[in-house]
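Just so it is clear, A, B, C and D label the chains in written order, and each chain counts residues from 1 on its own.
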Amino acid sequence: MTMTYEQAIAALIETGRRLDNRGWAPATSGNYSARLDDGSIALTVSGRHKGRLTRDGIMRVDLEGQPLTAGKPSAETDLHLAIYRLFPEVGAVLHGHSPEAVGLSRAAAEADAWILRGHEMLKAYPGHTTHAVEVRLPIVENSQDMAVIEAAVRPALLAPGAIPAYLIRSHGLYAWGKDVDEAERVLEATEWMIAAERAERGFRQAWTR
Amino acid sequence: MTMTYEQAIAALIETGRRLDNRGWAPATSGNYSARLDDGSIALTVSGRHKGRLTRDGIMRVDLEGQPLTAGKPSAETDLHLAIYRLFPEVGAVLHGHSPEAVGLSRAAAEADAWILRGHEMLKAYPGHTTHAVEVRLPIVENSQDMAVIEAAVRPALLAPGAIPAYLIRSHGLYAWGKDVDEAERVLEATEWMIAAERAERGFRQAWTR
Amino acid sequence: MTMTYEQAIAALIETGRRLDNRGWAPATSGNYSARLDDGSIALTVSGRHKGRLTRDGIMRVDLEGQPLTAGKPSAETDLHLAIYRLFPEVGAVLHGHSPEAVGLSRAAAEADAWILRGHEMLKAYPGHTTHAVEVRLPIVENSQDMAVIEAAVRPALLAPGAIPAYLIRSHGLYAWGKDVDEAERVLEATEWMIAAERAERGFRQAWTR
Amino acid sequence: MTMTYEQAIAALIETGRRLDNRGWAPATSGNYSARLDDGSIALTVSGRHKGRLTRDGIMRVDLEGQPLTAGKPSAETDLHLAIYRLFPEVGAVLHGHSPEAVGLSRAAAEADAWILRGHEMLKAYPGHTTHAVEVRLPIVENSQDMAVIEAAVRPALLAPGAIPAYLIRSHGLYAWGKDVDEAERVLEATEWMIAAERAERGFRQAWTR
């Protein structure tokens, strides 16, 4: 499922354009990566607008984060690499910033997870074949030290039934998959369920009056 | 009102692009079909993103769901076929996933229908000529067994004054019409009324303070 | 400020595309018109999707509504013509359906107007030079008899300080101006203020807890 | 970081298109400027739709606001010039109108600032390297006298830790940066945090029931 560097450049530019159209890539936020067929990682460089990426907005690093091409990798490179090291089958990691997911993480101020239950959309998570389950979307506290975030979230990522996504409070959503398409599907599905639950609350409030 | 296979392919690709632009086709959700002039059905295959369909994302099945071309039909094929068998005049069936409709179906947790009343937009339903009516949008429980959903919703579809749409709880909206354009109009109009009622609640809450 | 028929066709097609992109033209809703340099009116025909208008989606009628070209004029033609007869300086009338405006009209269930006050955006109404005013957006009950709507709203349109817009409850917004551009500005500005007031309520509700 | 007039024209036209796509440039609202390499200012002219700017929608003025090319400068030119005079390093100023920011300014009716705290997105403000801060987004009363607005907001702009943005109540947001890209990033980031806080309130309301 891995890609050449050229394929990864094209795929990450296009994904950035789509995530920005959905409002999930404001300012220079977000960062995206893909595992290449030589085992290195293509990754967005720091400080670019993800809705208008160009070739020089993507660079290569090895699994320890050492640059293999020119450029300054994203400050969150280590969170991407941790996923690739934990899960050998993962081919892409996407990190987006949506107002809905961040609003949720702030409203659920003390919670270490948001429970998603009963959604048909849960079937977008690989290996899930029914809506009749509940899954935990882990929420971890934000930090400027990636090692702190990574250590805090790792147990949840390895728990039985874990989904390929987590939310950093007041920050944004990480999602991954075997390739860029699957990672984008996981991101879209998770954001969509959060949006649906916001709409649910909009309807419920008047419902009870 | 039926189409050739080539016409159906073009129409369903274009419809998918539009529904995705409105946010109603996240991940690989949704499925769309059209009745062809030879009585068979053109249908989206399983597992594709509906906003970026290509020719090989559409296949043909007969009215019993037997594939007539290569491909794995959508898991919800039987819900499409049930509509075509019940209503010989129907030429297209569209199934989309919007956060608003799903949020509504979850908020109205015990209800078996949502009442739409007084909307000028009700005239978008074929045969309706006034806003001064109320109609029932049936809500049926979700299941991974299409026969269960179909049996549960059928009485509502055959009731006097039934509209060509129903909602599966925590899942999404089905809509149909004599052709793809009419089915899309029914889907858009239904989603629009749900969005208007959500906005109504947003205004009402402060109204009473 | 009037246009040729060819200019009106191009302008109304483009306006429809923009209003649909904003979500204000679902199904076949809305209708648009422009006064031509021979005194006749270019008008959208009945039953077309306004986001995908083509040349044959526009026809010509005289000021009494008699067709001058082939086509069935919109059912709401008389509301357009009433504006042109009341206000000789008006060159275009636009009628859109937004969830926000309709939600507002339903929440303000008994009100015959919505008061807009303090918005800088009020300066989008021709002749308005300050935000430090309040204006009335008339709300009239819906009817399938255009003469009933027209008679009910006319006094508000002729009142001192009237703005070039009104809202039909559970239906949509009418807006007009000296030309298509000005009518679209009035429509956009009015919808924008309604959206801002909905956002205001979203912030206020938590504000008081 | 300054630009030629030709570069500024291209950049401001493109920025207008993007801000309009996000819904922040309704009717003829908003105005944008950039400092040129000769010390003069390129600025949008009065009365144009900012989503559809053309070359003649941009003009040049000197730092006192005297026109150097044909055209009537925006009524808010003085607010742009005040920023350029206060901050020699500033290369661009953008003023947009979003429903969310204006809704917030109206909900926070008596407040002279909105506190943004804990957002990773705060790092979009130049010089900010952590989310673990709180910043004040100044809110100033609207006026048709630009000198009144400018005098009222200036102390907040010069306060320690000030961010390059402020909000005029019931009117809209000003944002600036060393160049057009940075100003747009500041505007996007600020609007995004406001949208996230609105979403937060949408989730919180049901949370407490």
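Observations on the structure shown:
Following the convention adopted for this analysis, contacts are C-beta pairs under 8 Å (C-beta built on N, C-alpha and C of every residue); 3 or more make two chains touch, one makes a residue touch a chain.
Composition by chain, UniProt nomenclature: A, B, C, D = Methylthioribulose-1-phosphate dehydratase.
It should be emphasised that the depicted structure is a prediction, and the values quoted were computed from it without experimental measurement.
If you take chain A and chain D together, no chain is in touch with both. Under half of the residue numbers found at the chain B and chain C interface occur in both copies, marking it as a different-residue contact. Chain centres here are Cα means. That of chain B falls 30 Å from that of chain C.
A separation of 42 Å divides the Cα centre of chain B from that of chain D. Among the residues of chain B, those touching two or more other chains are numbered 197-198, 200-202, 204-205.
If you check the complex, the residues on chain B that touch chain A are 23, 26-29, 49, 97, 99-100, 102-104, 106-108, 142, 144, 168-172, 197-198, 200-202, 204-205, 208.
By the touch rule above, chain B contacts chain C in their complex via residues 22, 118-121, 124, 129-132, 181, 185-186, 188-189, 191-192, 195-207, 209.
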